[in-house]
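Structure record follows, encoded as structure tokens.
For reference, chains read A, B and C in written order, and residue numbers begin at 1 within each chain.
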């Protein structure tokens, strides 16, 4: 029955609570987390040599907006450096990986040719390419973008490939009976129906790129948020490390959110039932 | 009809939902009496609130107004005396046929040997001997619904609700399953409330046929069908009853 | 595709041959590329033979008094301990916040604030806290591995189909039976997706942790090769990492097939 609604709660899962209660609980969760963290330090249960207070992090955040000590760059500059690398790598991966995956999924010849190479390279984590890349390309933007490209490329290919392979045969048959050529079917039927999967791949690719970025910046860089964290360790400054972690986390969440909105715009038809 | 024992009594039953577009009335004032061991068919056009009515009897949904009395006492929530065969078979894909069928006694913490014995009895009755260890994904649509029926019977309900159980089957299998349900009912008498939107199915199975109007669901007329079983679907009496009902049916869009 | 069109007569046979030849061709091409690329720059990009010889030498001569197999075992030990702990904790926590909406609102929100921080970003903080022993490495791998398990378990449990829950209600299941007999089994495929992701994440994170400070493990081999400008060693280590990673994912798939027989028989 279409009109059926959630029933009353025989499971004790708290379904009959109002939305308001849940929102309050969420806020309470975050606040108590911060409060416990702050209080543990205020009462000296944890030492501030190992961890800093939330309030101190806020103060440091404001200070780091203009101050470049101790790691050599202010927070906005470090953030920009990281974003530049991550987005360059990610865009390259999307531009090359998605078409490759789509073509491989549609044309069997390409599939047979590229699949073995892909399967050999795929299990090697992108991080382990770092030493080779340093030797080849140094520690600049190019080297890091290459590693990030690697991390993001694989999910782009896999998801586009699977997505187009899952195109419903019925839809292909409809196009065939309308006299469409193989390429037209690929373009007008295959690609659109692969889009939801492709987007899921891009989201995974972003996650991979972002966490590989941190590794790349910690192993081979002189700027960026990952580098800032690493410097924080060298100077034994937990506050710098934690500020870097928070920024990385927040930026990651922000971009995932933006990707979600773009996805809804483009493949919104999928959710309309 | 007066001397028959009334098992289930619905009085002034109503159900409405609050939706974005305002109040939606799914069931409007249903008064109905269900007799002991009868095969009652609820017939109505698609999406007219029959499933909601059944869900309320099964305790899956709460009525907005009115009462459901079983043997004279109001029931609240799901009652073990009422069993259900679901529309979409609703077999657990991770359980084998045997594990699916024994689910009722298992939830009542009946020990393994007696409950297995009982489940086996009904697996045999629905004709699935040899498939005990199969998973639902290995069975055909008709076989799956046989498991659903065996599952409902194994729980030993006094009243059995069947919600368009054969809606998803092809015409051939559907007719075979109708014969099966009729056979099983005569072998193991229970009170059955069977929902369908198929007039022929209703006439073939029902002792009484309750015809519902379009949304919101409301009883339009009740037909008594005392043709002898197994029924002949092309006998003049059968066709006459069929025509009488279909002339009175609201057309569903 | 163009090639295919040129051999249209007796198409089936020709394309079959083509499909057989293409994979071989591609691997051959990969090898030739490697050889050509390494010919001029043998220093920074060793040849296949140099890599193979380095591998054989590594089998004889241990690095830091740990043999080749010893390094692999060291990494695997860290990964396995971290994985087992993260599965136990991750699944329990995922069930808790996936099944109980109030818990989800309270703890789930805290979790979703910590979640976007990549596991590798924890390395500096954890080395400040616990030094560079075994425990901090396992802890870092644990952080990386526990996230996908929690996320997938949560998703699986909070999206159990109403249909199955209705069956439970109709057959009078109590809360415990509802959870253990219906909700958890129906979430198993999703939980296993989490376990699969956690395995590959763990393998990646252990590598990063070892590269940033360790005396054993395959990640250490990579860094050792880089520091000593021993590029063949780097390549040997990379190939090893690839093979072990692939084996790990095969093993998890086997476990899944063993534990979810109804999925296999589809």
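Assume a contact is a pair of C-beta atoms (placed from the backbone, for glycine too) under 8 Å apart; a residue touches a chain by one contact, two chains touch by 3 or more.
For clarity, every value in this text was computed on a predicted model and none was experimentally measured.
The chains in contact with chain A as well as with chain B are C. When the C-beta contacts at A-C and at B-C are tallied, the pair with the greater total is A-C. Centroid distances from chain A, each centroid being the mean of CA atoms, peak for B.
Put simply, the C-alpha centre of chain B and that of chain C have 49 angstrom between them.
Centroids of chain A and chain C (each the mean of its C-alpha atoms) stand 17 Å apart. Those residues of chain A in touch with two or more other chains are numbered 10.
Residue positions of chain B with contacts to 2 or more other chains are 55, 60, 78.
Annotation for chain C: residues 169 touch two or more other chains.
Remark: chain C residues 1, 3-4, 15, 18-19, 22-23, 25-27, 29-30, 44-45, 99-102, 104-110, 113-125, 127-129, 162, 165, 169, 175, 178, 203-204, 207-208, 211-212, 219, 222-223, 225-226, 231, 234-235, 237-239, 241-243, 245-246, 249 touch chain A in the complex. Of all the residues in chain C, the ones that touch chain B in their complex are 163-164, 166-174, 177, 181-182, 185-186, 188, 260-262, 265-266.
Chain B contributes residues 55, 58-60, 78, 80, 82-84, 86, 88, 90, 92-95, 103-104, 106-108, 135-138, 155 to its touches with chain C in the complex. By the touch criterion stated above, chain A contacts chain C in their complex at residues 6, 10-15, 17, 21-23, 25-26, 28-30, 33, 50-51, 107-110, 112-117, 120-121, 123-132, 134-136, 210-211, 214-215, 218-219, 226, 229-230, 232-233, 236, 238, 241-242, 244-246, 248-250, 252-253, 256.
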